[in-house]
Amino acid sequence: MNAYALLGIKLIGVSFGSMAVGLLFMGLGRKVTARIQRRMGPPFYQSFIDVIKCFTKTSITHNFVMDLGIIMALGGLIATAFFIPFANFSILGSSSVVIVLYLMSIGYLGMAMGVSASGNPNATIGISRALALMMGYEIPFVMVIMAMLITYNSSDLLTYAVAQSNGIGSWHIWKYPLGFIAVEIAFQAMVGEAPYDHMIAPAEIASGPMVELSGKYLGIGFLLHAVQLYVETGLIVNLFLGGASSWYVMLVKMFAVYFTTLSINAVMARYRIEQGIRHLWIWAGSFGLLQLIYTRIWG
Amino acid sequence: MTSNMLPFIVIAPVLLGLLMLSMPKRLNWWIFFLLNIVLAGVIFTLKSKGAMSFTFQWTLFGTGKVVQKLGVTPLGWFFLAISSAATLLFSMFSLDFNDKKHSTAIAPLWLMLVGATNGIFLSQDWISFFISWELMSWTSLFIIGHGKTSSFKAGIYYYALSFFGTMAMMAGIWLLFHRTGSWEISSGVLKTAQDLSSHRGFALTVLSLFTVAFLAKSALFPFHMWPQMAHAEAPDDFSAYLSGIMIKYGVYGLLLFIVPVFALTPRGTIKSISGVPWPMYILAVMSALTSVIGTVMAIFTNDMKKLMAWSTVANVGYIGVGLATGTSLGYAAAMFHTVNHMMFKGGIFASLAAVKYRTGEREMHRLGGLAYVMPITFFTFLLGIIAAAGIPPLSGFNSKWMIFQALFEKKMVFVATALFFASTGAFLYLFRGLHTIFLGQLSPRFRNVKEAPPLMSLSMIVLMILMLAAGIFPGLVTGRFNDILVAAGLNPIKTTLYSMTGSTTSINSTLVASVFALAVGVVFFLFVIGGRKRRVKMMDNYTCGEDPLDWNVGPDRYHYGYDFYQPIKGLFSWMPLGVVEKGYNALGRFMERLGNLVTSISADGTRLGWSFVLGVILIIVIGVVK
Amino acid sequence: MEMDNLYLANLREEKQNMWGGLVNYFRKRSMWMLYYCTGCGAIELPPTMTSRYDMERLGMGPMATPRQADLLLITGYLSVKTLKRVIWSYEQMQEPKYVVGFGSCPINGGIYWDAYPVINHLEAFIPVDMSIAGCMPRPQAIIDAFEKLMGEIQEGKAIGYKRYEKHYDWYKKNQDAVLGRTEAVLKPWNDPFASNPSVDELMALEKGESNV
Amino acid sequence: MYLPDGYTTLDKISENDDYAVYDLFFGPNHPGMHGNFGYVLDMVGTEILRVRPNAGQLHRGFEKAMENKLWAQNLSLIPRVCVPDPDPNEVAYCQAVEAILGVEIPRRARYIRSIVLEMSRLGSFLMGMGGVGGALGHYSTMYLMMIDRDLILDLFEALTGGRVYHIYNIPGGVRRDIPDGWTDKLLELCDRLESKLPEWDRLLYENPVVQDRLGGLGYISAEEAMSSGITGPSLRACGVKADVRIDTPYAAYDEIEINSKLSEGGDALARAVQVRLDFEEAVNIIRRLVKQLPDGDYKLDLGNISKLRVPKGDAYSKVEASKGEFGYYVVSDGGLKPYRVSVRGPSMPAGMYLCHKHLRGMKIDDVAVWMASFAICPPDIDR
Amino acid sequence: MSDNILARAGKMHGDKIECREKYKAQLEIKTHRDYVLNLLTWLKSERYVHLSFMSCIDWIEENEFELVWHVFSYESKNHILVKTRLNREKPWMHTAINIWPHVQPYEQEIHEMFGVYFPGNPDLSGLFLHNWLDLPPLRKDFIAKDYSLALYTTDALGLTPPFDDIDIVEITAEESRDGE
């Protein structure tokens, strides 16, 4: 029983840790974007201030589904974060990539449910866009993962990370170059940065799902994005960038992934949603498919 | 109890059903419910009685002695058990559902259908199997076309396809009989497996004839068109049965005949692709295609029952893929998904029936916001879609995970990609259903709608518990598979109450569920310590500062439900989705015309007309085989 | 009428709360303004927000909907039509919320003091926490005002929302006086064409009049 | 409700099924809305079925207020009609007054007016181009262009004392002469702006995403544009060589070469590119104006301008503003105050009429971009 | 006047119109209300395709409204002011919506601001004003200052706040701040 309690405490630590890492990235990211736009930008800890402020505000709810959805959303993503190996260490002992992919969906479902229960069509359009976009990026992503899966005959992220731990030459970037391109394009859509920021799209649907979130709901929304960043950058690092042997290397690699995304975001406009999905299918999809075919036949 | 129970559970419902045709309608449903309790009781005791069989002999003109045999195999019992349990739940649901309208004789027919179903799962010989199969087709035809013109059209459409399958099956049975000289299923399996190396052409002919029959029943490609007609037009409570149980007959057939044949065939006898015999690979591709088509069609469907019918098609695709891998993991996954699909689709159709019962609407965009007035229905639907989308703490994930593991084992990555596409797409259409029916703005028309009646709610709650249980403790279901696998000549799978082991990794579903619960607990803590919250009215919403009433915008005009995924519609325009449908429409029209012709010949109407057509074709087939 | 001073009451209350100062720090360092250009003063907001004056270094940023925003900027004059929307938005904002008036128009009507569609006293309709002089206020002035507002938040002085809550009746009465009029202010107008006559009817009518 | 011709499948859906239609509010409190304006969109799916424009939130009763103020007092009101581009208002009003007075202003004053007008145009174009970027979610362009707009405002401040509202043009000329060294700074700024153009091209106009988004959006043919009151860059983007500066020369434009290039196509991309081309040409025009700037008086002595009496008469004066033709129709009854001032803003035809035609069937994605591409400026609709 | 439009107009429309050249490239044609649409149609056929806008003037002493259509030709570069006078008591005018569809919002505005009625215009609902019950505001007999003082000032609103922690700048109707 004692072991379980210890594990529980560790997991609570991981959940707050993942939020903190994500918020730090968001703050640094805002700073980076600001520098690209030739301005000072907020302090790097700004996201923490924002989130804490959100929790001190009063908030509104439209019904119980909104509460349920928003809790389920962050809960699902934090649960996903438990399965991401951090610095070649998986706290639960297993980190199947299939679980990660599917468990992440519960976060999205919770978010979708919570915000569409608010009854605002803007939020619903945002969600329908997000889900439609999911069709665009999930398929290339899965194809690349499948290429790795048949190479290693394992779906454990830790296996991939350990397999790349022999220096920079053993990174999967070199082994699956096409796949890396596909995943990078898909990643841009996964974190919802331009040209795939359809879900938020302030000028079109006034920030989409966030439209009715206030106070602590908005705070949880921010944390959701933070944990999402943690999970998704962690996924990329474990898949392609050789995992990490220590926590700071891991953080640096994770931020490097996010940094690339932000730099593209800062100089890109937004596609129309159908253009975005078509673009994802044509580019990310074809690279992913080529990688899969290559690995299946010659890999 | 003895083996005489076997004919009882087949014949008693049929006879009672015939008897009930002249009884009061309200009483019918109670008899239906009570008999289902009895049947379920009997069936669950069968297991402990060990192997038993009941034999009945007679002489068929020109072919000699016929041995009809009913018996309990592990596979048959498994299907019998889940179908009887589900039927019991659905019949409880129907008790309340049918309290308002007593228009047609659905209960007696349904009871006969239950008998036929039991017959299919108990048959050990092709004659019994075929008779049960025919009885099932006929009764379900009349339930689907329950008196309304549009429904009857759907019924004809459904029967046309069934009929096509039945013809193929009959031909297959005759060929098999010709070859083996016996009506027994097990000998047919053995013989066909041997023939695959010696008389390959003959064996493949037999296999493909049976496959056509089973595919047609299970709505796999290219027979994926009928559920959207039949499920949508059938009585709302019957749709659950149709989707939960009836669509699985084909799966049962595949498990009964096709999969064992290939399991018994030594490796290397026939050429294989990706480690799978090529006919099975084709089956896998067709199943994956079914999944994709079902998903894409579901995404753009506006009618909630049609949407779920397409979803059923997509899920049967999953099951088909699982079967086609031919591994014990795939076999188990297919069965597991069959069970899960029965539960979650039963739950979804039950909640839709409850919605229809309370509101009378079928077009999704005319609804909205029902979660706030029908919470139990909403939660059933929610858990149903979580399971259907394959999201972890619920049962759907476990079976989907097993299917993927089976695919990874065989390195069938392209099929797996197609399934992933279907899985992501499932998320789209399921969420659409959730939003459009249950979330968003509650129309003033439905402000006074109440929760579903108690028995309906009760059966939905039971379904919810089952889904959760199978999700958190997969071993409850997977533990039952090893008998069946061994009986079918496959290796047992590794599974405990909490975890499953696949080809690439193992998964502890209980752990996943508990860490999810822990994470939700953490978030709940954050939620509680956050600032005060206030509940506002639904129309107190961000409207860019406008007062919606200034612009005559009420809740009905502030709910986005119609054409939900319209932006991505254009992306699928290249898919020739309409072609198959057109072909079937032509076939349907042809059958209808044929039916009309026969009807005009025999004044007694459709039933006689159909039997006439059937008789004619039977004679033709017999003649050909001879 | 009993007068009360919410400032003093609030200060007393804040002194008792040990977390008050900390909470106020987070509130002042993260003010999100509502993306709502109510008037011409909004033209100086883009420079304030963007690279040259960079409001974001103070932790401020635009937010799309009133649910998320803390700060409502009344950028200049307020027509009656906008007033209705501003009040709607203000009531949708979550507490604590602050209002900043730009220029002289929200204070006393400014250059539009005698214009028929423009109100003169914003303070009568919603509480204003800070006003910025000038038409229009320069970005430096805006940022200066924001920093002053931050000071007031830290000291617990920016309590307009509490005033609005407490004296809602009074604000509501003023709002109704302007927005919910049922009678003409000066002279009611009787539209001679209220029945929407067609051209033929009008012609016939005129012909009849000329004949008479 | 006003509906232009044309019956679409969306109409069919909405007629068969009332519940298929829902409403979205686009503005006034909306990040995609440029200013305080609104459209109420009746939607089917994500396509727009019908538009209900919601104007008047910026209505200040200018035309009434001007009747109650002296001729000179009105100078402080008129720049506020169009906030991003104030100077064309001043010039148009002053020209109308001068026309009724029948006076000819000094040549230097005309040149200074032209310089001010072109600078105002540059500032407004920067805001417009940034607005297109902002509507597309491409905020970096907006952020970067706003820096340069601010530099223009600095020069305005040096010249007139005001950043946004300059109140610089008065009947009879301009308020004060150009300070020493100001023109050099102006030329420096011109060089800077020109050197920035390649960067903006790369960021915005050559960006494949932007091209995909703008191409084909909101197409309008030359004939239709002319007969529905579209003016300025939007009309030139249809390939019509229409420019008030050339057609009805005012200020110093009859003495200055204007080589405006036309971008053809008539869609949003063409309009955006046209603004970019006009921007480049405006920089060149400023250089030519500064080069040819004559000496002399900067204003006509009209006596005490606050006691100005304008004889009975009426005149229409128009100016090429950044968004199109800005016109003032001024009527005087010979008194100390105008009898009637009527303002023609360039945004009304697009914002109030073309929206019905163009937004129908458009996706919600494109509304903000469409507005930005027509440079719809609500203050001059509402006045 | 490159296209000699005034001469041709005189020839074409005879005594129905009264035209003169006001300024360089700015002409004026006055006509009767019922003839305006004919004239506008003719002008459009003469390539005067651009309708800048239309405005209205309240000549209260003459008890008339004057409507002005501003028409421009991209070919001859002439700007023509087409004017007509309406009776102030029952002012109505044929809509020009069939000639220039974008005249619709202008007519809507004039209807709101002056009360001129345009039969045939499909939408004459209020465009700019909120809950307006008074005289149309741009009529000369509507005094904007009186309206503002009667509705928006401190004493009109009864502005004695029930709290003393802020000051409201008081403006009363007695305080004259007239521009003269």
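In order of appearance the chains are A, B, C, D and E, and numbering begins at 1 in each one.
FYI, contacts are C-beta pairs under 8 Å (C-beta built on N, C-alpha and C of every residue); 3 or more make two chains touch, one makes a residue touch a chain.
Treat the numbers as computed from the prediction; the structure is a model and nothing was measured.
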Kindly list the shared contact partners of chain A and chain D, in label order.
B, C
What is the shortest path, in steps, from chain A to chain E when you may only step between chains that touch?
2
Shared touching partners of chain B and chain D are A, C
Winner on contact count, chain pair A-B
Taking all protein C-alpha atoms shown, work out their mean, then name the chain whose own C-alpha mean is nearest to it.
A
Just give me the whole-number Å value for how far the CA centre of chain A lies from that of chain C.
39
Using mean C-alpha positions as chain centres, tell me how far chain C is from chain D in Å, no decimals.
27
Distance between the centres, which are taken as Cα means, of chain E and chain D, whole angstrom
21
Separation of chain B from chain E, taking each centre as the mean of its C-alpha atoms, in whole Å:
70
Chain C: positions in contact with at least two other chains
35-36, 50-52, 64-67, 79, 81, 84-85, 89, 114-118
For chain E, which residues are shared contacts with two or more other chains?
128-130, 137, 142, 144-145
Please output the residue numbers of chain D that touch at least 2 other chains, ranges allowed.
22-23, 28-31, 33, 43, 46, 56, 59, 61, 64-65, 68, 143-144, 147, 363, 365
What chain-chain pairs meet the touch criterion?
A-B, A-C, A-D, B-C, B-D, C-D, C-E, D-E
Considering the complex alone, what residue numbers of chain C touch chain A?
23, 26-27, 29-30, 35, 50-52, 54, 56-59, 63-65, 67-68, 70, 94-96
Of chain C, residues touching chain D in the complex
34-40, 42-44, 46-47, 50-52, 62, 64-66, 77, 79, 81-82, 85, 89, 111-112, 114-118, 135-136, 138
Quick check on the complex: what are the chain B residues that touch chain A?
369, 371-372, 375, 378, 382, 386, 389-393, 397, 400-401, 404, 408, 411, 413-414, 416-417, 420-421, 424-425, 427-428, 431-432, 434-435, 438-442, 503-508, 511-512, 515-516, 518-524, 526-527, 529-542, 544, 555, 558-560, 564-565, 567-568, 570-571
Applying the document's contact rule, which stretches of chain A touch chain C when the two form their complex?
30, 34, 37-43, 46, 49-50, 52-53, 56-60, 202, 206-207, 210-215, 218
The answer for chain D against chain C in the complex is residues 28-31, 33, 35-36, 56-61, 64-65, 68, 76-77, 80, 83-84, 127, 130, 142-144, 146-147, 149-150, 153, 163-165, 379
